[in-house]
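Per-chain residue numbering starts at 1, and chain names A, B, C and D are given in the order in which the chains are listed.
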């Protein structure tokens, strides 16, 4: 973990309202694993005060004189992300990371089923790519990545791993319906190991299915954060046990079967 | 011109000497370990811990944070592992630090505060107590204590006498009372704390604020209101310190919205003997050290060799 | 979906109907003429004048303004031409306006307030009075009145009875009491004003703040402290309105830090029936009209046809 | 007077820490006269809240399809001016103006003597250029513009009217000493009509000389402003009479013989 000023190496639009930003990764930091995140100062000296958290969507080692690069995909929502969207290649961003606890490995022989919607795209892409390698190495079955969109024009222009399932609410591409609708009818052919990141309603629906099928479920949650390092207790998430744990260090990935989805909605 | 190595940055708070005037504020720096990878905690003037209460507290429901113009709201609700877990899990690390550690103490009743100060009196490795009578984020205690002069005086008197009876050096630990700006006349409360025997005062805790999410049509914070901190409150804190440091003879520690050396210098000129950096650490963890550097530069530029003399420049 | 032309934007303050909920705050809009070239004053929901006092006042020494993070301080000190000059020099223009004009009244003594309300009672062209018991920038009166419930009730009672005895329509002009956030429990003051017969409340006036110029080593404002306004205080104002609108049955007008429609909607959801835009006018004179446009959009989006029903959405 | 978004047509450095910025002037606004000013939003949505005031340093009518242009010269001081300095040609600035009351005309037959230091440069250049035309038309004697700098490297790279006197504290260019020192020894050869803009100490010194010589004196003052249009009374300046007048509408140019220089320092 480190705070550093990172040079932006690429910033491009990948879909309506979505950008991919790549920046130089310091040589003395280890690569971030899928599900981990960083925070960035997204504005001037004062405003906003809170750093904005984003999950990694890719990491490349560089080499041959080229620096390593980290990437993330973000949706332009409010002033912080608007600020980021207006930066240029060569500008610097103030990064604090890598933070948090990422995704765990699926059980041997199980089928990783990755479900993403909206801003969950980035971390799920990163995880799907990592698990494809694990599958090649025989550590799990080939992962399936299911992505949900309102309509075809929102499908991002990014490389997707083989076997990605696209769902659109209006049927303009791929499966017609929600990604959870698709999941309902899907036969994984092996014990499923569920991963999800996206809107709370989607996460909760996947949670219900996981509970019904008694499947392991790792859920990456979005929660307001202040420090990002476990110092402020601002990002607390309530578990079914009534206990609060910190999204920034214990998360952002949780055992979805322990999350109190009712309290999240 | 004064030479940097000749600068006297030390600050006296009762019997406690802080190596320099820049501390980190309660609740924004956990119990020290969390930020240790990001800045050298040993170089801090003081570390004020997250509040410690008698029993463990889970804190308030989420969301607990909201963004505001040049500020933020929190309603953490004094989430903390409780006094005993603090002693077993947090204190060992804190004892390894080269900077004074001041425990922020909170409670729902006078007894709560008293029991915590009593119990901590038998533990070494602590520099002092900061009595939080000003938290706006809990239903009982917290700010309620901080708004009634008679209550303040009685509580402080009791804590001071408990402190006095502690074994050894613990009997000389300063009792610092942290005041709320959410009162009509903070001078009254300050004088009550002084009359109760406080060794110093910390000003300010957060202001009461609320943000409403107009899309969801409900307050952003689960608890409705929260405590406002960050640059937005800087002028409020400076005005309070200016007033309080003229109302009492004990030292005043200034905080609220400090994000750079100039902000800290405003507090020192206003009459504070030391400062704390809070919310700005979230934006930029190195802020406390940058603030200290800037105070040194100012002292050299102004030819002031003792940090305690800065206030005389105003 | 609701049709724009079907929206009912009118707001009732006692017997006065405001055409829409967005007014301009006292002290930030002079007496209307100054900003007339920059926005159509007739489209405002209400114009609250700069404070009017019995005698002319030069105001405080300069500098009277300072920048703060997302805010500003002012210590104008109720500079105004006095009641008689207001009537002869300012009122004729104000009478030509298509929007209700509410005179902000201030004084050093109860008699001062009483004499102004009495005298204005015989002038037509005014929509109501906003009683400023909350100005932090004068040595006597001002905020002192606003912090003592008994004083507030007595003053309001007296002004209401003077208003009641005025000739004709002037006897029905609403008396709006403007509250200070610089108190321990604003609910108490609000209930005192209500008990005195106030028709409505305005919340909030400015917070007390100070900025110190660390180069010159003195406060930026000649008077030391000033009133903090602007976006920085938005969450404080929203929290106050949320609290006060639940403490009283009379309408509450919300202000403090509004710079866009979303800010105004936070106040309306918190319980305000109307809002005022102040400091933001300095940054961007068209703000009040933009705010009104955004409120209309919200009502259409949410299918709310009466602006007074917005608060029910929370 | 109008609030408008103006396109920046040029922004260049003219001396260490000084920039000249030119922007398009709306066709429906009259040209601003010397001594008048405008305010600009110098930052994001919130911060700083107060608009920054600047005096015009030139105005050109444009024509042949080219828009009219206004110019100002500014010193980079704090966050507002830093923000302006980082803008680019083609960006827009949010301008409110023209505001205030500018300089009066000198008496017939008198010699306009213009004294400037620091940020007073812009308005004095503009005034000197205007008075040179008046002098050609016989309305006054040829103006003399005296500019004071700490050292030669601070002399701005801008066209200066004929007869400009340069003073440097260290003697690295022109007269060695302060501009008021120069003024002390200067014989105008006609009744002087004094104009000044710059640091308060300089303005006060010129004020003392004006009083001693019973010369008319127009002084442009710098004063914090909030509204800029006379609505807030924030910019009050105290006259010798004890009366306060508003810098933004009654000023920023004052009868220097009425200013209470003691209260300004």
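We adopt the following convention: a contact is a pair of C-beta atoms (placed from the backbone, for glycine too) under 8 Å apart; a residue touches a chain by one contact, two chains touch by 3 or more.
Please read all numbers here as calculations on a predicted model, not as lab measurements.
A.B. asks: Decide which interface, C-D or A-C, involves more C-beta pairs in contact, and give its chain pair.
C.D. replies: Between A-C and C-D, the larger count of C-beta pairs in contact belongs to C-D.
A.B. asks: Between chain B and chain D, tell me the centre distance in angstrom, where each centre is the average of that chain's C-alpha atoms.
C.D. replies: Roughly 47 Å separates the two chain centres.
A.B. asks: Using mean CA coordinates as chain centres, what's the chain C-chain D distance in Å?
C.D. replies: About 36 Å separates the centre of chain C from that of chain D.
A.B. asks: Considering chain D alone, which of its residues make contact with at least two other chains?
C.D. replies: 45-47
A.B. asks: Could you list which residues of chain C touch at least two other chains?
C.D. replies: Touching at least two other chains: 66, 68-71, 230-231.
A.B. asks: Answer with line, ring, star, complete or other to describe the graph linking chains that touch.
C.D. replies: complete
A.B. asks: Across the complex, what residues on chain D touch chain B?
C.D. replies: That would be residues 46-47 of chain D.
A.B. asks: For chain B, which residues are in contact with chain A within the complex?
C.D. replies: 27-30, 34-35, 37-38, 50, 58-59, 61-72, 74, 76, 79-80, 230-231, 259-260, 279, 281-286
A.B. asks: Once bound in the complex, which stretches of chain B touch chain D?
C.D. replies: 69-70
A.B. asks: Where on chain A does chain D make contact in their complex?
C.D. replies: For chain A paired with chain D, touching residues are 43-47, 79.
A.B. asks: So in the complex, which bits of chain D are touching chain C?
C.D. replies: 1-3, 41, 45-51, 94, 96, 223-238, 242-244, 263
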